[in-house]
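Here the chain labels run A, B, C, D and E in written order, and each chain numbers its own residues starting at 1.
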């Protein structure tokens, strides 16, 4: 029978790229995204290495100690970015601050993505009453004006739990609604594809259908959302810290460092105190956004079907 | 349509109820007595406090307290501000015009700019102009609004003297005159721009991408096959489709801008709801905090409703009924 | 193959018996409306459909888009929960079962889907796609499994190297073969093929049709073959059911249906098919209008709105499916 | 207690003599507009009887005045009214004639009676009843047992006799000295007064400027009061603007604002500006580090428990010696302040001389010695001292947190001083409102705490220091000290003898400094940034001079 | 049919000579249509068949200058419409032709209409583009047109939106739009593929009628040989960007010559005859990047392929003969014994 003959392109049997591999290739080809990735990577590495690097970069590597004799020094050979109003080295604090800002951004993002994906995929997959219930709840959470609730909750929980985790928890709990909605709508759309029916028909349990079939296909959306969220949550952290409702003041974070711009003397007189964190935030966000764009292009499902 | 709106409004009630429960318990969870500004904070006489607590119902069971709070609330009695010693409703009414004015201006600036830039970029993607606009957008998205605000004051107010650095109006002009409104506009421009910066950037980018995407749609080919000039295709056929999502953002913006105004109002000392809120949190003025929180939550709901209605209006595929 | 047990093997030699029997199957989709998303109506996608398929035979199902073919197929596989009626598979009513019982039944019931581009998970390797159904039911040695999967690939005409590839690297026809291999993996008794060739070019369509026929012989499969193209259905099936607006309007053997279509709809349908022969240009029965919405079906005979032979009574009474000749059922007042 | 808003009339350039922007000028000019800025939002209660925060008072001071004012020694002197008393219980006040409210009504003693009765009214929702409660009959009036205050006897429109319940030396400084325009309040119930337009929108007074327009939360426009009773007003107009802290320097530099009371932190930046001068005056507030020595029972109004952790005097003394206050002040207050050694600001007339009190200068060696003596020694070699029982010892220091990032570092700096003498110390930053709540309720987590007091013109420190006062946050409980405070107020003991009174207060201050219930850290200057174009401005410990005397040049 | 009467004297309505259309992939252009030549006579229905991806749509879009901008480009050849070469026409000139002289309908009636404008607006637009009408006249005409294409309730439908119509109705609207200005040529790119058979029959009927009434020519693209047999006069069989066979419809079905055509015909199940097995064509149409430079493009899938097929590019005769085929089997110059003659 003729149909028995192999019909595939037999020429190159080893060429078999997974969709992820294809996305990776496309991403690597995207210059802007790659530069941004490298930049972000450097920022992360520098932040992680802060304790190791600090002694080499500054004569006063302790970020918490107040050095009355070294306050408000403009950038010079010893202090490359100067010192702040507590006589702490700005560069050192910038590195330590990166840890916190990135940690807050990343943990809150992880929390948001986790809750959002869980709720969204369950609602989307099961539909019906489960869906309406979960989506009502989502609407409910989305109804809280973000900034307002973060401020209120943070004020309440202040001092009860360690400040940093309060912030992460509060931001996380208030922000997952959008992700849940997007994941739900993606799952709904993806569910229309017959491979989901196929998976059920071959005996996959609902959990397996969600985890093994739906989520990998929704993952591209989730990843892109995650990058956007990561960026906006870093901004949220800095904004809240700027207003005084964010990371506890004793912990250096970019937002807390930026809060110095609130001081009447700093804005014009001592730009070295707030410029570095402002630039660090701006460039980090910029690079995350570019990475997000790159991922969006790379993960575009149109390239697969 | 009217029926739809009514039904939706009705549907908000359970949601508002839940929000009110949450707000109530949050307020209860805050240190201190939160529901009213009636207790004189400077009077530390224990008998006085006990008497007032009894009088104000703090010793009632929680559901009863909630009930009395919420009934007051429904009747427009939001309590009395502990800080300003005046009814919260009056306080809010005093500030809200400013915030609304700010938000509307921001909205206007956002949409005008986003349309101008988005249309240009969408029609001429990958050109120099598009790249410049993209550069502006990415910067707008990456700079935290308070950094942008602080910068803007520094340059536009202090260095260039183009705009005032604080306030909502020049006090010396007569209320209601042309000068008065000019002064208000003059004052609101800079904060409104900063407030709308993020949306401007994201809408521009959104419109651009949507235009490009829509320009690849089949109906564009149909229009070309009809002999319709390309300019008209963009300005009518494509734009009309791309506007739909943008217009619906409008609804969400309403609430978003109001709460986003917190930071902007603070930086520009612009006396609106945002500043009032911040001030109230800082001063533990719970009745005000609660009222504003409730108000903004309700506004989110209304915003969603408006978004849905607008959606129905601009998109013939969605019929409201 | 391996999973097949002996008693059943014995049965196939006997007089052909019904493998699947569908009685009064109803499948309504609720229409949600209003703020509280309550049910405001039903799309009667399948409304009281009965038929049966004999072991080893092919039942064809034709009808226009939206007439409920896929819904029927999916309901049979219990991918949907039927609103009413009975589905007897191998004598067992599977309408009400659930959980692990249902999953067990699905071993014997498999489906080939319409859209070759959407029915394969783009994130899975072809090997995993085909192996997955097996792993859902039993643990298998990895090597052995791979061998088995590769043999299946070979059987559907794909190279072994396909095992490590992803769906996006294949053409529509090849993907459809992968889908068939997946359906075969569990060695099912009944395969529901939901428009397996609609999305394919004629040249490729013929490959898939040939393959399906070959497999039927080889594995003694029973098919429910769904298509909107009457000539394809005719080519494949022993009996053919014609659906219109959720109803089965005519069921007959392959030959009878073509030579002697009874229902006016079937007649129109056959006449509407453009024959690839310019000499056969003939006067056709061209139906007016479109298929009405199943959310709001006409009263009485569902076809009366477009029927050239409609009578007064047609708009009032819904004619039941009657056996008017041996093996030839039709639902029309004319008979 | 923030009652330091009365204006003085004598210049005191303070020790930071960069002020006196006006010396070389030819003389006051007429006309022009002055823009005065505030960096906090007023609450909008524009009446002395009802306002809550100093920002509002700053605005009120432009359009209303007190009957009496204070000189640079904080001695009361006549303003609108003069007084006589023989026994510090019965006073006769004589008002100036022809003083007019902004609505044209003449100010009479009835306006004052009206004010006092308002404050004593049970419906009064302000916080100033304390300023009338000592008048004879006021408590009865408040309880509704009388329909007038018996201690007030109107003789004629310009003369009134006031009787207090008993003679006190501070009766005069304590009594409410701000009349309210009775006519303007006509028809307004006391309970509605604070929300009435006359308080919020169209306030009137007897001061040099009239309120023209208020934009809530943003600005106030005042115009010259042509009928001002006390001489000519130079300026045509005063605009008060509310600005954000961070805009202060820029706005001053740009000339957008002419005057603003600034925080020390802005000082150095403002000093750099060519067009702005800084005028300072000693303030009436000081910062301290308190020790929680006990617990207060609110119901019994007494200290019921002693806190053992800081009971050791030597420990407290050592901790005081450990802090380098001068360095700390220079670092965080840029020199706009001085170390303070006693519980009374130095500018106050009752302040004892440093030689009369126990002074704890920066002396880490002494501190270590004291700790060694007290048994706080490092026994386990971790670099920090353990307590006399050999248990780990850690000083917990609480400081309030606002958006201000320097608070944390200044708190941290203090703990670092302690660590330098071997005491392990940690900082806890607590949100400011919660903080005072916790301090007041003697929350267990508060051990040592940072605080600031602003004293009023009334020299009596009882309210902050006596064992039965809730505001005695350290829970300082020394009956001898309390006795001294009582003695200083007693007419029998002291009579009119100011020196004697001061002497008793000095004794009290010595006692307090010996006991170290708190470490006195710093007293701060009041700082005003004033544009070069402003003339006639003066400021001393009692406040600024009368705005009527201010003027602007060049316009 | 009409075709034969019209052929002789006049110039053909449309003459396409050696048309080459390419797409930019990466930095290079690859031809999707490679040297296609054919004529469309007046009042003729020309059918174009072929597998998916063999360049049917690209060819028709080339004629209309509707190739995706910046990606697709006509790279050579001539397109003579009524004797005038329109290859170098700019957008403006083309706008004068599109919708007026040549119009086009597409496969997807669902997406080809703008979802946010009323049917009336979209039909009026083409009228306003080309005729001197005011809005109400255009609207009135739109109603008439809708009636002409057999839409019931035309007065109401003009004010409805596309989503309110079924697929068949939308395709009728598309047709109404296409014939609004009585074009001389209608290009229909798979107009019935997305439709059900009964609706397809309606649409084909409609096209036939309209063609007769309006005296226009139709280029009908389809992959359904049944449709071709149904209404076409002349058929072009395309494969991989080239025309491999051209014949009148009777001739082609009677006597298909090219192996590709033959296989296509044998691959479809027929109603009237019982066939156990269907013919199949293994493999796929090559992607435009992988087209062989020389040789017959069908050679690698052709069961009758000879070694020479890989080296010699067969040419389609340009004569107006009734039946032309591009296959070496029919080249006169080729050894006779290896040639497959007519059956």
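Methods note: contacts are C-beta pairs under 8 Å (C-beta built on N, C-alpha and C of every residue); 3 or more make two chains touch, one makes a residue touch a chain.
Model, not experiment: these values are computed from the prediction.
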**Message:** If each step moves to a chain the current one touches, what is the fewest number of steps from chain C to chain D?
**Reply:** 2
**Message:** Just to be sure I understand: going only through chains that touch, what's the smallest number of steps from chain A to chain D?
**Reply:** 1
**Asked** Measuring from the mean C-alpha position of chain A to the mean C-alpha position of chain C, what distance in angstrom results?
**Response** 47
**Request:** Just give me the whole-number Å value for how far the CA centre of chain B lies from that of chain D.
**Result:** 40
**For chain C paired with chain E, centre-to-centre distance based on mean C-alpha positions, whole Å** = 33
**Cα-centroid distance, chain B relative to chain E, in whole angstrom** = 55
**Request:** Can you tell me which residues of chain B touch two or more of the remaining chains?
**Result:** 150, 154, 158, 266, 282
**Message:** At least two partner chains per residue is the criterion; list those residues in chain D.
**Reply:** 246-247, 250, 402, 434
**Message:** By the touch rule stated above, which residues of chain C touch at least two different other chains?
**Reply:** 207, 210
**Asked** Once bound in the complex, which stretches of chain E touch chain B?
**Response** 64, 66, 68, 91-92, 94-100, 103-104, 106, 108, 111-118, 125-126, 129-130, 161, 163, 174, 177-178
**Message:** Considering only the defined contacts, which chain A positions touch chain C in the complex?
**Reply:** 1-8, 10, 13-20, 132, 192-195, 197-205, 208, 213, 216-217, 219, 301, 304-305
**Touching residues on chain B, where the partner in the complex is chain A** = 15, 18-19, 22, 26, 29-30, 138-139, 141-147, 150, 154, 158, 255, 258-260, 262-263, 266, 277-278, 281-282, 289, 292-293, 296-297, 299-301, 304
**Fill in**
chain C residues touching chain A in their complex are 37, 74, 77, 79, 103, 106-107, 109-111, 113-115, 117-125, 132-133, 136-137, 154, 157-159, 161-162, 164-166, 168-170, 173-174, 179, 182, 185-186, 207, 210-211, 214
**Asked** Quick one: in the complex, what on chain D touches chain B?
**Response** 41, 43-45, 50, 52, 125, 127, 194-195, 200, 213, 215-221, 237, 239, 241-244, 246-247, 250-251, 253-254, 256, 298-299, 402, 432-434, 437, 440, 470
